[in-house]
Amino acid sequence: MKKTIINLLEEVELNEPIFIEALPGIGHVGKLVAEHLIHELGATKFAELYSPSFPPQVFVGENGIIEPMSNEFYFLKSAGEDEKDYIILIGNTQGLSPEGQYDICGAIIDFVDKYGVKDIYTLGGLGTGQHVEKTKVMGAATTKELASMLEEHDVKLRSADGGIIGASGLLLGLGMSRGMRGVCLMGETPGYFIDADASKAVLNTLISILKLDVDVAKLEERAEETRKMISKAQQMEQEMAERMHIAPGEEDLRYIG
Amino acid sequence: MKKTIINLLEEVELNEPIFIEALPGIGHVGKLVAEHLIHELGATKFAELYSPSFPPQVFVGENGIIEPMSNEFYFLKSAGEDEKDYIILIGNTQGLSPEGQYDICGAIIDFVDKYGVKDIYTLGGLGTGQHVEKTKVMGAATTKELASMLEEHDVKLRSADGGIIGASGLLLGLGMSRGMRGVCLMGETPGYFIDADASKAVLNTLISILKLDVDVAKLEERAEETRKMISKAQQMEQEMAERMHIAPGEEDLRYIG
Amino acid sequence: MKKTIINLLEEVELNEPIFIEALPGIGHVGKLVAEHLIHELGATKFAELYSPSFPPQVFVGENGIIEPMSNEFYFLKSAGEDEKDYIILIGNTQGLSPEGQYDICGAIIDFVDKYGVKDIYTLGGLGTGQHVEKTKVMGAATTKELASMLEEHDVKLRSADGGIIGASGLLLGLGMSRGMRGVCLMGETPGYFIDADASKAVLNTLISILKLDVDVAKLEERAEETRKMISKAQQMEQEMAERMHIAPGEEDLRYIG
Amino acid sequence: MKKTIINLLEEVELNEPIFIEALPGIGHVGKLVAEHLIHELGATKFAELYSPSFPPQVFVGENGIIEPMSNEFYFLKSAGEDEKDYIILIGNTQGLSPEGQYDICGAIIDFVDKYGVKDIYTLGGLGTGQHVEKTKVMGAATTKELASMLEEHDVKLRSADGGIIGASGLLLGLGMSRGMRGVCLMGETPGYFIDADASKAVLNTLISILKLDVDVAKLEERAEETRKMISKAQQMEQEMAERMHIAPGEEDLRYIG
């Protein structure tokens, strides 16, 4: 396998869809929001992405069933005829190498561009490394108008104080070169565990901006399920280290050795 | 050398062969099982795989004789005419980089697909990091039917408690996209040394599932031989670290060493 | 995105331009000099470079506005008709991987070669790791004539005492194969912070060599602005480390974070 | 620059040349031997190799003169008409990544194959990590005949006790697939400094095997010169770390960050 591929499962026509990205990231903040949207609003999977830049492994899910590493595209039709539809991207992994991230995110932008996407929302967590008293939603945008809009929805703008790493940042950067505009919403989180509070805060902001009709209460249950997945992922990392003979102090052997 | 290549040594026709993979991994558990099968059942090497994603090195074997890094395909004809034949994959290395693993495993799946493979068995060890009282064989499968079958053979299913890293996992994942089904059998092992007990447990499970006629007793002898290889491999790792690794006091070695 | 691309914003004709490179490096020494030249002399951006070998991220600038990672080419017409013009290269990043650096620097040399570049000046800092009493400008050159010229301008030649890493070195190396000649000017700096003193020293040397008419005084103001960028960049680095780095206690973050 | 290239400087016809490789390695053992042979026997440079898999940098040599990273091929005509000629490979670097090593070594084998090479001698050091009382020359070979020949020349065969990492190993491995045979000679060295004693031992062995007429005494002078190069290389590494923001405990950021 030498190329990133996207398998289309269903032909769909969408009305200038809004693209929401929530691949795994700090505290699983975005992933939890997107999974909640998909289940509560009844979105339909219509494409799968596989890439040689994903980690070389599979997941073992419930009851010993193997799942390949993949990203998945869901679509959601809006109620009103003139309203914009949605494409939601989730998955169990992101690209590993920098070049891999560019390859995969480029393929994603190519794909959603064909459906007429003009607006991108990327969701994630912002690790603070310490206890978070009351979760704030931080944000950034590709245009001044969108940045102002975020402020109107109580999102605190990050300003010259950092960057956005991985798919949540890169999709916005690559989208800009296609004339797409977008924002990144980041829920403050200590990181390192499934943070349902941060996810709720991001979800509330998204509901407010996009005028979605979603029950926020059930998100806590979903957080519990995802906590199991986290411990699963931690063990995988451990195992990979062992199999590739990576001793704690020699981790870069993974790449050069 | 820029591409993974497979050199065919002999044209063979095989009856819907079962594909058994046992490249080097934790405790050399799978490798030991596969080498035992090859020698006891008289399998024949019919193809060799070389890749630029293997470690950039050679092995020094007995009496100072150099061996290139490679993976090797063996075939085994079954006694009965209607019985399935076998393809067994062993080798002295796996791909180093994630992209390299995808490249190599993709080439392997392409290759065995041409022989009509529908079933994959990948063999490995599951590192526990501590003393193992009585070796259990853990497993995972690509379908519910296969998972149930494993349980009937006393294999304990892993469940949402980790993943399968490297060729043993990736071959199953890539095979799924070709409609192949498969299982991974993992012998519990402390890891970090040649574990004949774990190998025996996996071999007994495999014999039970595939109804093979193999003498298990001689496996201990083979373990002893392989122990020499392990210490060889460990030293290589050490040496590569010294020559190429960027440890604090060794940085000069990257360029001059 | 699989290839480095250069977007031409404006067609220009230049008179055997001198190419000045100042991508981000130690102490931001070169970057500060180049930004000062661009603003004081009124250089015009005429091309942008994007690459899949840049870090997979975006910057968040003032007021939450997102900027993609890029390198930028500016041109500057000289006053006299027979005088050489200038191409100045700045940016917010360099290539990450060694192969990426070769790819990007190769594309840069191809690009400036078309404008007839024969002379390259690469600007950077030379980290001393300790307090610098009075900033010296160190240098190296591709020919003996240029090395002598540097000495006439009080540049201290480095001699068999190190190398030049990254774009500042590689552009000179790749330029040599096209018959371009060049020098690298390095301002001594403790490193790890914005060093306006080192930048002033390099700027004065450049003014002396190229007979430029630039106000050096305002550079200190610009240094202050850039200090904000640095802290931004440091935080990004920190964040990337947190999100993608395999530190002992953070290994889970690679896949789920 | 995206491909490894070899620039031919001079057309030569060679009589089934013996290929001697001595790229930089542990203790500079091989490099010192090859440079000595080239100067003492008056070999002529006839080709240069450049690669995007070399480190992205240049060296600063004597008097501030910049040298690109490269490997160099020298040829040496033998006195007798029926005697085999020589191709000697030296350089200031090796490939960085595993894939880069395969790419470069593959290009080298392709190149020397065209001149009819059947025999390869790769020279290096074997790091012991401790004081070496009396330097032994260790060896390995691609055939039993060559291994016996080495023993006749007092070379101690390594046996199932490690591998040969980098160009010294990989060239032999890739050569085997072209029907070339070869040996690796390794002088025991503590490593980490220029080891003229190890080089002398390897040179004496090579003289004995190939019946060369070379003055061994001057090798000590050459060692002194090379010691300067070593300190140069150490500083480069330091600088690269600083420029790429690699703190001592975060070294793998270099690849993923």
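Every chain is named by a letter (A, B, C and D) in the order it is written, and numbering of its residues begins at 1.
In this text, contacts are C-beta pairs under 8 Å (C-beta built on N, C-alpha and C of every residue); 3 or more make two chains touch, one makes a residue touch a chain.
Keep in mind it's a predicted model, so treat the numbers as computed, not measured.
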What's the fewest number of moves from chain B to chain C, given that each move must go to a chain touching the current one?
2
Rotation in the CA alignment of chain A with chain B, degrees, nearest 5:
90
Chain copies touching (chain A, chain C) - same or different residues, decided at half shared:
different
If chain centres are mean C-alpha positions, then the most distant from chain B is chain C
With chain centres defined as C-alpha means, what is the inter-centre distance between chain C and chain D in Å?
34
Distance between chain A and chain C based on Cα centroids, please, to the nearest Å.
34
I'd like to verify one number: the distance from the centre of chain A to the centre of chain D, where each centre is the average of its C-alpha atoms, in whole angstrom.
48
Per-residue multi-chain contacts in chain A, two or more chains:
55, 96-98, 229, 233, 236, 251-252, 254-256
Flag every residue of chain C that touches chain D in the complex, lowest number first.
25-26, 55, 95-99, 101-103, 105-106, 124, 126-127, 129, 139-144, 147, 150, 157-167, 169-170, 172-174, 176-177, 184, 191, 237, 240-241, 244-247
Note: in the complex, chain C contacts chain A through residues 1-2, 50, 52-66, 68-69, 96-97, 100, 228-229, 231-233, 235-236, 239-240, 242-244, 246, 248, 250-257
